[in-house]
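My questions all concern the structure below.
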Amino acid sequence: MTSPALRADGRKADQLRPITFEAGIAPHATGSVLVSYGNTRVICAATIEPKVPSWMKQQRVPGGWLTAEYSLLPYSTHERKQRDISRGKIDGRTVEIQRLIGRSLRAVLDLKKLGENTLWIDCDVLQADGGTRTASITGAYLAARLAIQTLLDAKRIPENPLVDSVAAISVGLLEGRELLDLPYLEDKDAEVDFNIVMTGQGKFVEVQGSGEESTYTYEQLISLVALAQKGIKEISALQTAFLTKQLLAR
Amino acid sequence: MTSPALRADGRKADQLRPITFEAGIAPHATGSVLVSYGNTRVICAATIEPKVPSWMKQQRVPGGWLTAEYSLLPYSTHERKQRDISRGKIDGRTVEIQRLIGRSLRAVLDLKKLGENTLWIDCDVLQADGGTRTASITGAYLAARLAIQTLLDAKRIPENPLVDSVAAISVGLLEGRELLDLPYLEDKDAEVDFNIVMTGQGKFVEVQGSGEESTYTYEQLISLVALAQKGIKEISALQTAFLTKQLLAR
Amino acid sequence: MTSPALRADGRKADQLRPITFEAGIAPHATGSVLVSYGNTRVICAATIEPKVPSWMKQQRVPGGWLTAEYSLLPYSTHERKQRDISRGKIDGRTVEIQRLIGRSLRAVLDLKKLGENTLWIDCDVLQADGGTRTASITGAYLAARLAIQTLLDAKRIPENPLVDSVAAISVGLLEGRELLDLPYLEDKDAEVDFNIVMTGQGKFVEVQGSGEESTYTYEQLISLVALAQKGIKEISALQTAFLTKQLLAR
Amino acid sequence: MTSPALRADGRKADQLRPITFEAGIAPHATGSVLVSYGNTRVICAATIEPKVPSWMKQQRVPGGWLTAEYSLLPYSTHERKQRDISRGKIDGRTVEIQRLIGRSLRAVLDLKKLGENTLWIDCDVLQADGGTRTASITGAYLAARLAIQTLLDAKRIPENPLVDSVAAISVGLLEGRELLDLPYLEDKDAEVDFNIVMTGQGKFVEVQGSGEESTYTYEQLISLVALAQKGIKEISALQTAFLTKQLLAR
Amino acid sequence: MTSPALRADGRKADQLRPITFEAGIAPHATGSVLVSYGNTRVICAATIEPKVPSWMKQQRVPGGWLTAEYSLLPYSTHERKQRDISRGKIDGRTVEIQRLIGRSLRAVLDLKKLGENTLWIDCDVLQADGGTRTASITGAYLAARLAIQTLLDAKRIPENPLVDSVAAISVGLLEGRELLDLPYLEDKDAEVDFNIVMTGQGKFVEVQGSGEESTYTYEQLISLVALAQKGIKEISALQTAFLTKQLLAR
Amino acid sequence: MTSPALRADGRKADQLRPITFEAGIAPHATGSVLVSYGNTRVICAATIEPKVPSWMKQQRVPGGWLTAEYSLLPYSTHERKQRDISRGKIDGRTVEIQRLIGRSLRAVLDLKKLGENTLWIDCDVLQADGGTRTASITGAYLAARLAIQTLLDAKRIPENPLVDSVAAISVGLLEGRELLDLPYLEDKDAEVDFNIVMTGQGKFVEVQGSGEESTYTYEQLISLVALAQKGIKEISALQTAFLTKQLLAR
């Protein structure tokens, strides 16, 4: 159903933007990665705190915890975005995204094997050009994996609690065309917007597909999911290559 | 894949709970409905304010606006839930749900035809037994439709801005079994939890499927979507019957 | 001093609106009642939590505690009322009312006999037409009485800690006329506004009489108190009849 | 019914504490008074702002406005009281008191004659020993009267908008004894606590009588009101003497 | 470099305003002083609480703690200043000042000798005419010294933990002239504004010199520091005289 | 007075850490720089908004405005720092620093020449190792200069409103030794801590010298100021070199 014409940035309909990872952007974090999906750049940091929330202690839940926070830095958007603390509250979109990042990571993390540790995931967007939540999930997994290697190396935990990798991509309908990995210019006008999170082994973690003041058919649903599967397969391969190089270098 | 055994409440795997609607629960609202999905009961009220948010005026966006708010009344849950104002903030789950309700209604509402009016949707849960967000969407549509009829009757708008009906249902995987319309006891243990919103004409508005510290396969995705389609078709029919009776009685 | 002419709603000056009680409006609460004073309708719920505030433990105060919360649901008023959490704070009127409800209930409750339990009183106004605070007190007593019966039946406390019943009514001066149980249309223009809380045995719990940008004489004070006494006597009888029926039915 | 025995501070049951007023405590206010009821001392300041709240302009309400704020300074109580801003919110007692002060002053103020001015009343308690709200009302009237004289002298308003004076006193039941003007030691143990506000001409503005986990009879109500009338008559005379001296001295 | 011409209030460039201290302004505080620098008047209260913050206990830090709070009373300024709690937050200037007061007092206080006590310093400005932070520091020292004498007299601590006295003054450049102790009229137009805190023994605690949308030279820095040294020497002598008289009188 | 022994990081007492600047770290800002003082790294972004605060319009103040915000990213410190929005308020240290950055930049900015624009300065610390406020000021000047060049190039303002450059450095006393540019390990134990802001032409903008539970002599004040002057001279030269290269490259 997608047309052969190229998109505004020269990509084909089913082509990802250039995706890159840079380790060590925040050296005081236990693990950190600067992830880029084209012009979208996000600082992903994973920090280990050797304690768990008090409710876990009270309820005697064994194992650890993972919490994610997401923020648009004020200068990441074309018009400067006021800081949450200046507005006095987190906006609804931010809440949704940080809950999504947390769920996505917990789906591949065996909290019992984490020990009595909290894994903080921080995703701060340096430059926003569409897909900040999907880039955040992809980068957060890498930061978490690096942080956990530090725990393993220090023998603070006996085995890797991550049971699979996780990555995310957006797909959408724009003027009826099915597109992979939408930048801001496409995203703002898309009739339908999907964010899909999958594991390296091809399992689904999350499918979120919204009509934006619009609706979609069953056929479009099936077709968009397939497009996302293709994209995530490519991203998973990039993650593996990056981690192999990083972990060998330690 | 679902087994023939009955569920804890005696239902079959693909059977809805008893769904009922009661009009006029909040007479000062422009339109209101008390919706029940089994023991889940939600007060849905639609109130028309003859003005729009200031940002719409500034940006000269024509037409009206729709905003949704959702709240668990403190005594709706088995353990009393502290009010948002006592906690000092809205929790993340509430934010997600009220954004979902808003998007779902706006997908079937032609805002330009609403005139310079704001349609407030309030969903207050009186009794929570799983599926409060799906019951809220289904009831909110009815309250909105009744409110709009009042506007039409008063000739404050020339035509109905609702272009379709909208309803929602949950489906999930519990011990590998695919279940329709999960009550709390099933929902809290489900491995996978989907909330699906569709229109009366069978279009999708929203598909949200999350693994809860778990993942799911492509086949499960397809199968769960089909189960939800069946449930929403039945709910849409109930909505039509209720509205026909209500609108004839005016 | 009151004239023989009928009021706007056809009542005599010293006549109550129709007062009704409906048990079980919120089944997850320990006890609940929907109370109506004419068109004023309030959901009153009493919930027992088997713990007391931490300051009681620290100061080793024996017995239990009672806390009341009051809220106007957004669609209860003719113009939609913004939620407290959206405004960011509770308004002064709400604070006054929930303190009044709490004091009124505690005046007839022997906290020592409550055991180490907290009794939460929630009053949520579904429809506001004057007298929401007096209806709340009258209904809250009934919800509390039902909740305590549940504790007694479960043998969680050995004896009933409620030493008397409690009910409330408003009286006021409108164009010099002394009126009982004012609906919104009378209340908004009244020169003097009294809220009076009394027990079933005829003792006073609270007398609050305010001139609204106005003042009143000693004779008016005496006369308005007498009018309230008459009204509360009638309401107490309705409470007794309701409870007798409810408790027999258990 | 009151016994002849003296109280802990040597007073008779119907005797006021020494009451004094000192003008000019806060010279940057338009009018200010330091009021003492025994060891209770309150800074009362009245400030005129030549504008009205925006809602008055929008609704085209003619005349001015009066707003009252009340605060216990942290060192006014025996145990240091945390500032409201440190707690993050105003406590319920403070809200009740500042609403009472505002209503009491507005009852004797013709807002239309105030012109387009806001009269801010600030009552900050320097030392708290019972009766801070009644001392605040009595002192606030004096500060307001002095502030208005400044407006009259500057010909910013043509006539005095205060139509009467206003003063307040507490009365209560302690071990069954009826007492006037309770200091902290009596107040904390009183079974019944009344705050009564009256004008110089003997009209009632406010009667607030609460049983503190207790109740009271009709006879006690009548008797306590009479005791308060006696006290306020004496305070009104002190107010007149003070103002006569102050206004002559200008 | 300063010219011989007198200032608007008749002072010479290097002359202090009249500085006075009055003990006992807030009798419920452990120690209190009303300090005046000309028309700037500040209530300084020191209150001892026999406990320390929980973080000190957790980290097993020995000794006590000192915390300072500063506030402009609403009627202290020429235009009424909104209360912090009404604005919902403390303004940046207030935060800076209360941190400065705290640091200044802690510089002369041996916290280990304070025992497990918290010394609360409250500075509430009654009248603001420039130099409120410097008057606060000077008065806070006196209030703290009086409070500590009460602890010594009650044998709650064995020796005086204050190792030196502390006082503060402002100096500034106005139209190039170096001035001591600036009132509001000079302060608002000054190009450069210094606040300097020194001990009775002539040591520096704090030098804060800011160009206000302006800059200053090295020579001006040296000259302004010398002017402040002269002023603080005079204030220290006044502090000693006041304390000698107060402590003898106990 | 400084000893010849090397410091923990191998530097001499009067030696700066390696200082580097990297342009373009945040491409959506009007100008941006990543500044490093050794291991302290700060993202400095300058964003131009073509409007001014409403109070400026109301008071008809001509020209533009500059506002600075500063934040420690959660993973910048060795122990993860909670976000301001999670704590619900900005801490006092952050308020002080952002006010200092704002004053420092405004001292070299002719607001009238800025036109009706607001220049937002954002400083987000990526890695904190002492001196974050001084690095922020030095980097913020560069980001502002680049942003203004963009305005000049676009002819949105006719001339450069920056009248001088500005830079900052810390100096301190550690075990009696005078040290330049303190990293965290030195800073946390320093007895005296100075932050000094100067212009490229050698004028002082701000001198802030605090004894940390300690005091200092006149001789130490003079000596520390001289040490800072030396350091800032070197930093100013680095700023000039960086800007020359950047502006030529445009």
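Just so it is clear, A, B, C, D, E and F label the chains in written order, and each chain counts residues from 1 on its own.
The rule we apply is simple: contacts are C-beta pairs under 8 Å (C-beta built on N, C-alpha and C of every residue); 3 or more make two chains touch, one makes a residue touch a chain.
None of these values were measured; they are calculated from a predicted model.
Student: Just tell me the minimum hop count from subunit B to subunit E, counting one hop per pair of touching chains.
Tutor: So the least number of steps between the two chains is 3.
Student: Chains in contact with subunit D and with subunit E: which ones?
Tutor: Expected: no chain.
Student: Just grab the chain with the largest centre-to-centre distance to subunit E, centres being mean Cα coordinates.
Tutor: Following the centroid criterion, the farthest chain would be B.
Student: Work out the mean Cα position per chain and let me know which chain is farthest from subunit C.
Tutor: Result for the farthest chain: F.
Student: Looking at subunit B with subunit C, do both copies bring the same residues to the contact (over half shared) or different ones?
Tutor: Same, since most residue numbers here occur in both copies.
Student: When the centre of a chain is set as the mean of its C-alpha atoms, what distance in Å lies between subunit A and subunit F?
Tutor: 33
Student: Round to the nearest whole Å and give the separation of the Cα centres of subunit C and subunit F.
Tutor: Distance between chain centres, rounded to whole Å: 60 Å.
Student: What whole-number Å value describes the gap between the mean CA coordinates of subunit D and subunit F?
Tutor: 52
Student: Send over the residues of subunit A in touch with two or more other chains.
Tutor: In subunit A, 88-89 touch at least two other chains.
Student: Please classify the inter-chain touch graph. Allowed labels: line, ring, star, complete, other.
Tutor: Shape of the chain contacts: a ring, since each chain touches exactly two and the loop closes.
Student: Subunit E touches which residues of subunit F in the complex?
Tutor: It comes out as residues 89, 92-93, 95-96, 98-99, 103, 106-108, 111, 164, 199, 203-218, 220-222, 225, 229.
Student: Would you pull the subunit A residues touching subunit F in the complex into a rising list?
Tutor: 25-29, 32, 39, 43, 45, 47, 49, 69, 71, 73-80, 83-86, 89-90, 120, 122, 124, 126-128
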